[in-house]
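Shared between the two complexes below is subunit A, which pairs with subunit B and subunit C, respectively.
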Partner chain A sequence: MDLWFTEEHTENVRFSIKVDKQICHLNSPYQRIDIFESPEFGRFLTLDGCIMVTENDEFMYHEMIVHVPMAVNPEIKNVLVIGAGDGGTVRELTRYDGIESIDMVEIDEEVVKVCKKYLPTIAGKLDDERVNIFYEDGLKFVRSKTNEYDLVIVDSTDPYGPGEGLFTKEFYGNCYKALKDDGILVNQHENPYYKIYSDTMIKTHKNIGSLFEIAKVYQFNLPTYPSGNWLFGFASKKYDPVLNLDADKWNSLDIKTRYYNTDIHKAAFALPNYVIDALDSSMRN
Partner chain B sequence: MDLWFTEEHTENVRFSIKVDKQICHLNSPYQRIDIFESPEFGRFLTLDGCIMVTENDEFMYHEMIVHVPMAVNPEIKNVLVIGAGDGGTVRELTRYDGIESIDMVEIDEEVVKVCKKYLPTIAGKLDDERVNIFYEDGLKFVRSKTNEYDLVIVDSTDPYGPGEGLFTKEFYGNCYKALKDDGILVNQHENPYYKIYSDTMIKTHKNIGSLFEIAKVYQFNLPTYPSGNWLFGFASKKYDPVLNLDADKWNSLDIKTRYYNTDIHKAAFALPNYVIDALDSSMRN
Partner chain C sequence: MRDYKLNQDRAPIYEALKKYKSNRIVSFDVPGHKQGKGNHELTEFLGKDCLSVDVNSMKPLDNLCHPVSVIKEAEELAADAFGANHAFFMTNGTSSAVQAMVMSCCKSGEKIIMPRNVHRSAINALIVSGAVPVYVNPGVNKHLGIPLGMAVDDVKRAIELHSDAKAVLVNNPTYYGVCSNLVEIVEIAHKAGMKVLVDEAHGTHFYFGKNLPVSAMSAGADMAAVSMHKTGGSLTQSSFLLCGKNINEGYVRQIINLTQTTSSSYLLLSSLDISRRNLALRGKEIFETVVGLADYAREEINKIGGFYAFSKELIDKEAFYDFDTTKLSIYTRDMGLAGIEVYDILRDEYDIQIEFGDIGNILAIISVGDRSREIERLIAAMSEIKRRYSKDSSGMFDHEYINPHIVFSPQEAFYADKISLPIMETEHKICGEFVMCYPPGIPILAPGERITKETLDYIIYAKEKGCVLTGTEDMNIEYINVVAEL
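Presenting the complex of A and B:
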């Protein structure tokens, strides 16, 4: 049998994965949720037909979203994670003994349920005693928070459907308020190559850059995401992500990683000229 | 009309591009050659059904294969390019006034002909007076060369079909001999993520590393190549690609680039742990 999952990266580009079987399918109040099993990437989760995580390459995404801020400030104790229902971001956070509390706000409880059931290597740390899961709209949750968190990670889906409000200036302003004076925001920034994504990158960088004292963008490879190249934003009231990296301290923690290392950390903030130009244009307009 | 070109990145992963029309198709003595026109990537060349270059993202590949060695030694005068029939590598080389001679060895004259005709923004500098094109097997050409070149660029296709011999130790040994004492070799190294490609990366790194005093690997993004992440090898008898980079000197040349800059140059040599581990394993076996 020949069974293929296909995602439209743009209306003119398609990415297809051979599938052994569909593991689950349901419609939550927010979106269509599917999990497939594939020979190339293991099991993978899609929301409304877009790949969110695959078992085989998720380490790249989750290591880069967590270890970059943690290596800049290894003293982080209180973390807010918005989105991230698959649990991969929380799993990487739980590797730090110094973290005392992880509030995770995921709008769709069904995503968490199916990931716990079918993707245990990704979601397996959602039961860690430091984790508090709130099934709410992250946009509303963060409004009531002031000076509470050392780190806010916005691990959102794309800016349409349930994730739409997570790309607005109002939301990032509330994240700023929710952070302590030395707080760090890491934000899912889309990809710089295809225009439909880079438009969001530009708007998001402008929104965050107008609020935070320091706002930088970093990149990494992700084979199953459009263009294979993905960006996160790093913003802070105080820390520069490269100048304030204490590589020796992070390396002394002896956390085994498959993608992240402190050289990749510094390197990730070097961007191609066409990306620099697009980000600069956002700050001029 | 709905017309799609599809390439198998692995037997379980497919990448498809919507096509407006097929511009040309022929069978040369060596391979099937096609050029298509697409809304997303402009025109693109395929050899035996594999994407070689697209008008819209080729700048990433050609800037990274040329400007990295040129920024390490801007005094380079005599260059040998093996493969690269589309002309993009030669185009970037001709931007250096200091280069006196470019020998290009391409086995398939038909590739050069169709690229000159249908991809002029890529092939347009093949008529530069410093360029000498030899329609020969690169493997044989380089055997007779000793101490002639400052830079050898192996811009090969994949290691099956006409490009097969360009991944052997004998070939790289002849490249070593063809280079002057301060010569640099840059080699197309495939991608590190999918096993069918990373097996070649590992074997190639072992072959080059056993011959050259310095052998490093660097990465960049390429949306239309498998996994979106691609590698080149940098090898030299004398120069370290990061320690010997003279960023001020390269920047003083004022060469406008869309991907390459001297920060990306340094950053490109930082590799993810899983790639470092694979390359290290090649040197132990």
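Presenting the complex of A and C:
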């Protein structure tokens, strides 16, 4: 039997994964949720038909979203994670003994339920005692917070559907307010290659850059996301992600990783010229 | 919910258009784009389905100027849904409905009692018809700087002083959501033999929601102009004119046909038909959600501190008789920001477009199309505006309503010989045209009014703060046409 999952990365580009079987399907109040099993990527979660996470390549995403800010400030104690219903980001955070509290705000409880049930290697740490899960709109949650967090991680879906509010200037501004004076914001920053994504990348950089003293972008590879090349944003009131990298301290923690290391950390902030130009253009307009 | 006499599941214009489409008629009539075939770019932009029903009046589709079949049925359904004796489909906007009301009840030289804070369309009607306004001073909330409704006592006094007036025009609700005591105004006006006309442009939902202020038709008013497109979901420019039992429907149609297009758009007509059906069937739930969203937004915005999203607590049973809780009106001046500044920041910085900002307030329209997701964005942006932009509020202009001194009727002044003067040289002159911020489109100066220092200061301040001024012949609003005095 020839069963394939296909996602349109753009109107003109398709990405397909051969599927053994569908593990789960449901419609939550917010979106359509599916989990498939595949020979190449293991099990993978899709929301409204877009791949969110696969068992085999998720380490690249989750290591890069967590260890980069943690290596800049290994003293981080209070973390807010927005989105991230699959639990991968929380799993990486729980590897730091210094972290005292992880508030996770996910709008869709159903996503968390199915991930716990069908993707235990990713969602397995959601029951850690330091984790407090809030099922509500991230935009609403963060609005009421002032000077509370050392790190805010925005692990959102794409800027349409329920994740839409998490790409707005008002949201990043509310995050700024929720962060302490040496706080760090890391956010899902789309990809630079396809125009429909790079438009968001440019606008997001402009929004964050107008609010934070330091706003940088870093890249990594992810085979199952459009173009295979993905970006996160790093913004802070105080820390430069490369100049303030505390490599010795981080390496002394002896956290075993498959993608991240402190050399990759520095290299990730080196960007191709077309990306630099696009990001610069956001500052000119 | 009111029980309907007719089957509100029907949508006769929509049904006739569906049938027309499926018949694949060959057209040798207008419009010349022939179901879009003659204009590919437009068809690509608006969609084939849309262009295929942009058609002309024809036997199976009836004719709005003289309806006998599907439009007549659709009008009857609308009248039933709104509790009116008759409903006219209007395709020249609610402005034309307001004008048709005034012109149906007042001839040249006849008086009409109205508040001064009406939309320009009402005063336009006076220029066209020659009717003479008797202005009732609307109450003013001094703190918020907004004009309110008309207090019953003020209307009573105007009726006693001008017992020859033909009609009373009520603006209900105002743009800000303030309502007058419509039931009592109808009662005293009818006792004096006057008709009651209601500019209900912002009150479509009163006919369908629960626990909302009384609608014009249920208060016994004679005519009402209802902007279905504003909060009811139909296409821009489409509207209803409703008539009560003492109105001669045939005469009103003649008045409408004086100025309404003879090529009424079936896109607009079908949008009215479909929206009426939607509200008749589901309006109660829809507006319950809308009120819930607006109440939630008010509560959250008031929690931010510094902004004041006002509501029913301001009801005084006089000029603030009732409040339309679907309106999200927010007082901004204590934040050190003019409403128009907040309006601009929301659009330029946060990609949020609200209805309008004036000197001290902003208004966000919450309607049939809103979801909590967008409400959260508005609240988040307001909290950011406080964090990033709030400043000392002293020295801010705090005057909104300026009592007009009327020298000529609007028609006399508009058609008089005029001269154009630089704005600062017009003090004490008689204005020959409109000056207003748009939106909201309530004239600061109307034709026939004496220009005062106070008015000029207000215009200059509004201009400085970035209000979009319109109305004058001079597109730059540097000159005003004044009546040439001998």
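Structure notes:
Everything that follows uses one rule, which is that the second predicted complex is superposed on the first by the 285 of 285 C-alpha atoms of A that agree within 3 Å, B and C clash if a C-alpha of one lies under 4 Å from a C-alpha of the other, contacts with A are read in each partner's own complex, and residues count from 1 in each chain.
Methods note: a residue touches a chain if its C-beta (ideal position, glycine included) is under 8 Å from a C-beta of that chain, and two chains touch if they have at least 3 such contacts.
This structure is a prediction, so every number in the text was calculated from the model and none was measured.
The partner that reaches more residues of subunit A, of the two candidates subunit B and subunit C, is B. Interface of subunit C with subunit A (complex): residues 349-351, 372-373, 376-377, 379-381, 383-384, 387-388. In the complex of the two chains, the subunit A residues touching subunit C come out as 137, 139-140, 143, 162, 164-165, 168-171, 173-174, 177. Residues of subunit B that touch subunit A in their complex: 4, 6, 10-18, 38-40, 57, 60, 193-194, 219, 221-223, 225-229, 257-261, 263-264, 266-274, 276.
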